[in-house]
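Report on the structure given below.
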Amino acid sequence: MKRRVFVQNLAVSAALTAMAGCVRSATSSTSGATGSDIKVGILFSLTGGLEIVEKSMHDATLMAIEEINQAGGVLGRKLTPVIEDGASDPRIFAEKARKLLISDKVATVFGCYTGASVKAVLPVFTQQRGLLYYPTYAQGNECPSHAIYTGAVPNQQVSNFIPWIMKNLHAKRFFLVGSNYVFPREMAKVAKIMLKQNGGEFVADEYLPLNHTEWGPLVSKIKQLKPDAIFSNVVGTSTVAFYREFKNQGLKPEDIPICSTVTSEVETQAIGSEFVEGHYSSFPYFQSVSTPVNKDWVAKVKQKFGNNAVTHHAMECSYWQVHIFKQAAEKAQSLEPEKMRTASLGLEYEAPGGLVKIDPDNGNAWLTPRIGQCQADGQYKIVDEGKAPIKPLPYVAYGETTGNLYCTAKGLDTAKFKPQEQS
Amino acid sequence: MLSSILSGLSIGSVLLLVALGLTVIYGSMGIINMAHGELVMLGAYVTVFSERFLRLPFLLCLPLAFGVTAGLGLLIERVVVRRLYGRLLDTLLATWGIGIILQQVIRLSFGPELQNVSVPGFLTGEYRIGEVSLQAYRLAIFLVALALFAIALLILYRTDFGTQLRAVTQNPQISACNGINVNQIRSYTFALGSGLAGVAGVMVSGFNAVSPTMGTNYVVDSFIVVVVGGVSSLVGTVASSALLGSVNSVVAWMSNDVLAKVVLLGLAIAVIRFFPKGLFTIQSR
Amino acid sequence: MVSEMNLVKLKRFILSPYTLFIVAILIPPLFVVDPFWVNRLSLYLVFSVLALSMSLCWGYAGILSLGHGVFFGLGAYCMAMSLKLLSPDSLTQGTPFPLPDFIVWNTPPGEALKLPWLWVPFQNQWFGLVAALLVPALFAALVGWFVFYGSVSGVFISIITLSMVVILNLVIIDQQPLTNGFNGLNNLAMFNVGGFEFDPYGLPTYYLIAIACALTLLGTRWLTQTKAGLIFKAIQADEQRVKYFGYDIAAYKIFALSVSAMIAGLAGVLFVINSQYASPTIMDVTLSIAIVIWVAVGGRDSLIGAAVGAIAINAIQNVLSESESLINVWRLLLGILFLLVVMFLPKGLASLGSLLQRSPSVTTDTATPVEAVDSQPLKLLSQVEPRK
């Protein structure tokens, strides 16, 4: 009996010591905040499924940090990345965001890909007065006070796309398809409003779970309804099954083009270019953009990650937003997140995709809309291109215009934003 | 209507393809192999590997994947499963652990990104026969699934190994008394089931995303097929794949794919509850 | 003489692993100053409550549920919805009643904004709390009634519960207008008792969770030592025999599953108070199986083992996934650890203690009679044996 008790005590005290270990590491990590290096958080999924896209964004962020450090750092101090793995789970994203802000006390966080993960971390950033640089195209309808969004919003991705499809592809009847979560549903809602404004119509809208693999029934539905075009917000691994099934059922891009706001070079590579060839995507950046800055950048990426590596919109934003952060810190002469956010507003940078600028009102980015058609080699031929970067309007579907802004530096103007009055 | 049936059959053949390996292992050994999905994944990565380094034609990957996954199955049985006979729930947990390990090993060696498997030209597009259009790839899946089924039947009912295996399934003790090397038979069975999963992986890689986590999608589907079909019967597996495929296709057509999936899972639960031996088990004696 | 007995008893009480565990979980905040770590340590305790629920269900009643995430998630969603309705962003939607922001997004243009009837009672936090305990328990009773009064046994229960979690996960994601789908519920109010707000990073929240954890531990221990607890063990040892004694086995199993589900619901409540968040990923297959792993590693038939297992695995997971060199391999290491434990320590790390000690005496202590448990897998196997 006695021995058993002893053994059990031993186990418990071992557990206690282990806990004490955590405690010590916890306290030491807080004291590490006051070094000469600047800690920045990097929060993308490195495991769990979404790393298929997010890994490249993570790499691009590290690449930019390395460049900045080689050029002397920020405010004369080196950047030290604190890398966290969001594990493709919004819950983990929120937990790691808390760790980065509260425990590591990072100056800023670069991260997030899915709308779900960003929605999970935003309250943490607001509560802790942190700063998030979010590099992914988003559905708009957000006016965050503690984040800078550097990806496209609907008026830079959809507003140009729908009229272009209707005019150049002679499409009137659209089939809307997407993964089943907020981003695709909200994008579909934006598309519906724009279809209405432009005199088009939609024949159906369908949402399938993320990672859905059996696309047979859906594609046969498309086949029977014979729409003029498909507006797709299918995300992640499902894209592979979707495009392959589409071609396997004998559908051709000349008859029914898939027009996507999600399928970029990285997805195309996985699907196989022979299945995507001829379909369209709308992004402010394609690897084929022919600016000297981009050629340089693509060469650097290939040199670093191998000849098979491709670049894409979210990856490009992940890269240049770090440079914006550097400018912001230097302009603010401070690493205080709220000051840095204010300083970020209005900054410009010559990114691979052309000049970008952080909007002084809503903290999204001025970007140049582009439409690309996939070629046999998996690269996109740019078939339509804006003349200059255009102002981001996250509430464009709800009537926001450059003359009537809903989201300003003061926050969302709820007197103007009336989601229910749109018809 | 006809197209709905055809689409049901094609979904069914995918189900049959991925579930066949599980039926063999579960039906004959009573082992729940949670790593089944990862073996399918491994088969898909054999295709990726062969395309990248060996440049073998797509169809040659089928035997190659069978060899690789069967070998691994043999190893898994010898090292892990064998130690856990009689501890059913532990086998379930252990094979799940193996699944995680396989996933991570593949992730570390091939990277986390989606892999692209190119499919020979004659397997894309569709063939038209009158009013009916048949997809080449789905047809190929159907044929491969049938061929595997036939091979599995042959092995089980026309070889010495099959006879011994059935004897071991019925009563391991008496089989052992009659000089059957029970352990060896079990290893080979596990290897056979794993090999079938690998072949399924090759076929799946041609029309679906290939990534380290792809397997999790298949393991639940396979279980539903096996449970509905009845654990001990290969024919039941075929019937249940066809049934589930049609149900899926019809429900997806009438409402949506989410509901179809929910109906399938609900069906599986109901079958377990009311027909614990499966819908298609032929009562022997 | 008597007083000496009492002294021995007192000493045993103080040195019992239960007391030590409870003292151990009350101490850390005295040393930890970093609010993030206070919060994270309390999250570990939430998971240990969840592990207790699994241990009760699996280790004691022999029901291996691969869908425990459902009960946890239902509890979390009930609580989270209440706190969502009390949060500032639900109160500032310009409606005369609190309305979550996602309902505004998800209402089709032109339709009137209204709170779905399902959520109307949840405007009261205490209703949410009670629902978070009762909904999982009732759901479990329903599942149990369906399953145990049939001839479903052993692994098939695992498969049914697994399917159950997949179904519920699909439904929650699909019913976006009601549940905010994949994005889940966030931006919640703090749990509020009489005007006192439980800040997730504060010590009061830690102690709230620690005390709940301690009470759960004592409660489950008490339950396992009642007659019902004995019958659970007896059912595991020989179901037929217990049946012939006239016990309604199914009723006992339903009872065990429901209590376990209610504890999982409690863990869901604590999770929401700790993390201010609920999403479909907390009621998915991955989490459900993770719970099984914690308990398997810690020791399925030892309550303390399960609780410590949950804390240990989560701590290891955090340490590994946050160390730069191991960030890529932590899942692999965890998989290997899990496999090794299942193969060589079937009763988990808790059995390390009894391995060292060879005395065959069966005590009234935590250890389950060894013979009884050993015969269980064989028993289960014979029930599952596909044909005769």
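The first chain written gets the first letter, and so on, giving A, B and C; residue counts start at 1 in each chain.
Please note the rule applied: contacts are C-beta pairs under 8 Å (C-beta built on N, C-alpha and C of every residue); 3 or more make two chains touch, one makes a residue touch a chain.
Please read these numbers as outputs of a predicted model, since none were measured by experiment.
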item: Interface with more contacting C-beta pairs, comparing A-C to A-B; value: A-C
item: Label of the chain whose CA centroid is most distant from the centroid of chain B; value: A
item: Between chain C and chain B, distance of the C-alpha-averaged centres to the nearest whole Å; value: 33
item: Centroid distance [mean C-alpha coordinates] between chain B and chain A, Å; value: 36
item: Multi-chain contact sites of chain B, meaning residues that touch two or more partners; value: 258, 261
item: Overlap residues in chain A, where contacts from two or more other chains coincide; value: 46-47, 180, 207, 209
item: Of all residues in chain C, the ones touching two or more other chains; value: 170, 174, 328, 331
item: Chain B-facing residues of chain A, complex; value: 46-49, 51-52, 55-56, 180, 206-209, 211-214, 216-218, 220-221, 224, 237-241, 244-245, 247-250, 266-267, 269-272, 274-275
item: For the chain B and chain A complex, residues of the former touching the latter; value: 3, 7, 10-11, 14, 107, 111-119, 124-126, 133, 135-138, 206-211, 213-214, 217, 248-249, 252-253, 256-258, 260-261
item: Residues of chain C defined as touching chain B within the complex; value: 64, 146-147, 150-152, 154-156, 158-160, 162-164, 166-167, 170-171, 174, 285, 289, 292-293, 296, 328-329, 331-332, 334-336, 338-339, 342-343, 346, 377-378, 380-381, 384-387
item: Touch list for chain A against partner chain C, complex; value: 1, 3-5, 7-13, 15-16, 18-20, 22-23, 25-27, 29-30, 46-47, 83-85, 87, 89-91, 94-95, 98-99, 102-103, 115-116, 119-120, 122-123, 141, 180-182, 185-186, 189, 193, 207, 209-210, 414, 419-423
item: Of all residues in chain B, those that touch chain C in their complex; value: 27, 30, 32, 80, 83-84, 86-90, 92-94, 96-101, 103-105, 108, 170, 216, 220, 223-224, 227, 231-232, 258, 261-262, 265-266, 268-269, 272-274, 276-277, 281, 284
